[in-house]
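Shared between the two complexes below is chain A, which has chain B as its partner in the first and chain C in the second.
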Partner chain A sequence: MDQDNNQNKQEVVVSLSDISKTFRDFWLRPTVKAVDRLNLNVKRGEIFGLLGPNGSGKSTTIKMILGLLKPGSGEIRLFGKAPTSAEARAKLGYLPELSYLHPFMTARETLDYYAGLCSLPKKIAKERSNELLEMTGLQEAADRPVGGFSKGMARRVALASSLIGKPELLVLDEPTSGLDPVSTDEVKTLIKTLAKGGMTILMSSHLLADAQDVCSSFMILNHGKTVAEGRVGQINGDLGAFFLSKVGEGRDFKIAPFLCVETVPGGAK
Partner chain B sequence: MGCCAVIRAFCSIFLLEFRRFFRSKAFALLIIASTAWMILLPFILKSDGTAEGAREIYMRYSLGGVFALSAIALASSAASSLAREREEKRLQLSMIRPVSLAYLALARIAALVFIGAITLFVSSSILAFKTRGTWRNCWHVLDPVLESASEEAEKEYARYMADPDLPEEIRKSDKAVLIRLLTRHAFERYEAIPPGGKGGWIFDAAKFSSRPLAVRIRFTNDYNIRDDVKGVFSFGSLKGEIDNITQAIAKIPLDKKINREESSSLREGQLDFENLGKNSLMLRPRRDINLLAEADSFAFNLIRANLELIAILASLISLAMFLGAGLGRSVAVFTCITFMFVAVASSDIISECPDPLESDKVDKMSLAITRAVDFVARPINSLRPLAALSLDECVETKEVVKVTIVDILLLPLLFSLLSAFVIAHKEDGV
Partner chain C sequence: MRKVFAIVRATMLEIGCDALALLITMAALAVSTFAPALHYHQFGEPTRMAREAGLSAILVGGLVFSIFGAVRSIRREIESLTIQMALAHSISRGMFLAAKMLGVFFAYLLFFVTVGANSIVAIKGAQIGALVAKGDVSRVWGPSLATGIAPIILPLIIAAFLNRFARFRFTRTAVILMALISILGVFYRFDISLIVRFFAPALALMPLAIFFICLSGAAASRLNANSALSLSFIVVASSLFLFGSHYLSEISAPGASEIPWGYIAMLFAADLILSCAALLAGIALFDERDLS
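What follows is the complex of A and B.
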């Protein structure tokens, strides 16, 4: 039994081999190389943090993993299958950075819709919807249109939608964005609990403290290339400081001269 | 994915699109405007003063107006449906589920077609209720068995070319243009039956032999000639008399009671006319004379007409969905509405335009483009089921089945696949 568990833990859920992606304009001329020969393996039950500054290629990488973008070269496998295959997609959940909900639908209808897309039988869909609404504290607002929800409430509906199909791989893009400290803490606890239950989680975040709290492994991207990777526990000290040491090098921030105010008695010049 | 899973996914997307339209102001406006149009039309339409004329106009324009409203509202909605989802990034969340993108488009088309069907059903119910006292059986319409106008044009063209006196300018003209002109000429060719003379046309009415028959004769020529006509139509043992026409279209029932003793001289399958009036009867066999065979009730005809209208709506919605996927929301809505207006106006433009032989290059090019639009948009342009309803013509089941297969099944499937292809490429940043 233990051996089986260990074998499961070693199973690679997400595998990226030498992935590159170059965006092109209408005339197919290359405009930007977003990802450059990226290799990545995420094992079952792992909480993997994809970190990097803006424009480092995190979102492109996530979109390629989700099958929304095709890599220019290299190979992506989810559960050993192509990301666009129905088998892989049946095991996938995704929480985008912004909630992207249908404003005219209620929270319950939104969950029903995604349950339908996952082809869940009606009875199971109803049970799961109720459980998820309870988990996210939305029972009272379940039958109100989500267009009137606050950002935090909308985020919780989106999180519940990503979990309705009981995914084996959950991709989270800035999962705590827009949440208050209490909700942030709840989401972090939820992520850890889901991972303990065997769910694999791949998350990108700008909030390095959050990433340090929940992630077991990480990869830092800059200009589409890997600049560091490893286990969070192996870092001596703060992940934030480590991050800055890797991607802050060579960056020289200068304040525009006209913004430098010379202070003189009697006020600014 | 099993069959149940596929149906469940389809229903979810269908419901999403239905709710989107149902909860928008567009749905309320569409229903209110359609109902108001159906109720108020009799008060605002102007007919030729006869009850028949009023009925004909009401039949044509009541459902015609509702169809136009539905087409504009639903095509606009279809054009913005997938496009808006994509622009607002919601589509990504559906695309990562185990459902094909073509399926997402197809279920949305189905939902909008369903809304169109509801609107037409409500309007048809009002139409049926308001005209309940004037319900009449509809009629199968048979054309004379003649060689086609284009075949006749080909023969005429060969004869022209063999004529040594043909002007060189015409001999050098484009064959396609000449054939088109000769086809039109053949279609409009008049036949004259002098006083005391007889004319005859063959009709293939074998399968309708047990039904009541009638002759329909039109006088809607370019000069609106409605001279007094007097004579007897004979079809086998059946006869019908016509005298002093005042209507543009006259329907003469064929009855066994009149002049039964003369019937032996008439051939089965040939409709004969004996002109007993003082003037020659001028008519175009390909346009002006039909044999009618009684079909079924108005209610069944209304159902068939509705099915055909729904099919036309489905083809429009599918096209709009594809345009939305490819061009983006605002451009697609604009293109769709422009297409519909051009479709409606194209046949008038073509008939009013100068003859291609006499016009310059720009005119010829514009006319060619308009002809192409007319060819593509002919089902929308002609709205054949509405014309049939207004003239008590039977909307043929065979035609309904054909249109249903093409417009409700094949076209939505094709445009869904194309939409999926375009969106997948757009998402990929190509």
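What follows is the complex of A and C.
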């Protein structure tokens, strides 16, 4: 039994081999190389953090895993299958960076819609919708159109939508983006609870404190390339300092000279 | 099947909440109601005018409804990025696109039934008016207006009331009430031959709308909204000469020759081929694109 569990834990759920992605303009001229020869393996049951500064290729990598973007070269396997395979995607839940929701639907209708996309029978869909609405504290707002929701509430609806199919792999793109500290803490607790229940989680973030709190493994990207990877527990000290030591070099933020106005009592010069 | 149903339902909800769809429906209802009542249209054939106005509203309104419906629905999914959450599920891009178009078609079907039913009410109004007027055509528009106005004004008032006091969605409620009131009107002085004679030529116009749903949807999966709309209306304008031969208004007249059901079936068969070609082209173009 334990051997089976260990074997399961070693199963690679997401595998990227030598993945590159170059965006092109209308005339197929290369505009930007977003990902450059990336190799990544996410094992079952782990919380994998894809870290990096803005524009480092995290979201592009996630979208390639989801089959929304086609890699220029290399191979992606999701549960051992191509990312476009319906069978592989049936085991997937996705929370995008921003909460992309239909504004004309209520929270309940939104959950019904995603339950339908997961082919859940109506009875189970209704039960899970109610449970998720309760979990996210949205019961009272369940019958209001999500177009009128605050950013935090919309985020909770999107999170509930990504969980309604009870996925084996949950892909979270900046899961705590736009949330207040209390909601951030709730999301982090939820991620840890889901992982304890056997769900594999792949999350991207540039909030290193969040990543350090929840992730078991990490990879740091910069300019589409891997600059560091390993287990969070192996780092001596703070992940933030480690991160800056890897991606901070060569980044020099210069303040435009005209902004450096010498102030004098009574007004600016 | 459940996935397709979910997308179809969401698309119908979306179009039902779209103010533009409500405006197009109201405009088509107004044309089918008011056109035969306009002063300069009093040629002494009010029922014929009502039939012609109804069919024109279904043709022009239906084309505008289906083109705007398909383009706006698909572009909104792509531009608001809701498509990314949908396609992260076990649904192929082709199935998603086809289900969206099916949703637009069902929304169009509601428009078709609403305007068609209202046209029948207007025709009956014109018939009653002609009997009451006894040759005085200036009195024809009264009953026609009274019977035709209910499906436009009444739903708006009831929907506003329900929105204010019961939190019903205004646009969606108004669209459903317009359909219900129009259909209820058909049962007043129920005349099955009038219904068959009106809906037979109207059915001959439906394949055009189906084709343009597929064409506009396919264009919208690759082009931005303005380009997709322009392309669709250019195709409409350049194929206007084809429409004339499918505009079978003469068979809607009482005592006209037999309804050419075979010809109407042939139109649907031809449309099926053209619509499938447009849909497959759309799927091929959509399948290759990056959704970032």
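Here, the second predicted complex is superposed on the first by the 264 of 269 C-alpha atoms of A that agree within 3 Å, B and C clash if a C-alpha of one lies under 4 Å from a C-alpha of the other, contacts with A are read in each partner's own complex, and residues count from 1 in each chain.
We adopt the following convention: a contact is a pair of C-beta atoms (placed from the backbone, for glycine too) under 8 Å apart; a residue touches a chain by one contact, two chains touch by 3 or more.
Keep in mind the model is a prediction, meaning the values are calculated, not measured.
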item: Joint occupancy of chain A by chain B and chain C, clash or fit; value: clash
item: Chain B versus chain C as contact partner of A:D180, first or second or both or neither; value: neither
item: Partner chain(s) touched by A:D18 [first = chain B, second = chain C, both, neither]; value: neither
item: First, second, both or neither for A:L117, with chain B first and chain C second; value: both
item: Partner chain in contact with A:K70 - chain B first, chain C second, else both or neither; value: both
item: Chain B versus chain C as contact partner of A:E131, first or second or both or neither; value: neither
item: Stretch in clash, chain B with chain C, out of 98-106, 152-160 or 278-286; value: 98-106
item: On chain A, the residue positions that both chain B and chain C contact, one per complex; value: 23, 66-70, 86-87, 89-90, 92, 94, 96, 98, 100-102, 104-105, 109, 112-120, 161, 165
item: Partner chain A, residues of chain B touching it in the complex; value: 1-2, 4-6, 8-9, 11-13, 15-16, 19-20, 23-24, 88-90, 92-99, 427-430
item: Chain C contact footprint on chain A (complex, rising order); value: 23, 60, 63, 66-70, 84, 86-90, 92-94, 96, 98, 100-102, 104-105, 109, 112-120, 145, 158, 161-162, 165, 171
item: Chain B-touching residues of chain A, taken from the complex the two chains share; value: 23-24, 28, 66-70, 86-87, 89-90, 92, 94, 96, 98, 100-102, 104-105, 109, 112-122, 161, 165
item: Chain A partner contacts - residues on chain C that touch it in the complex; value: 2-3, 5-7, 9-10, 13-14, 17, 80-82, 84-92, 169, 288, 290-292
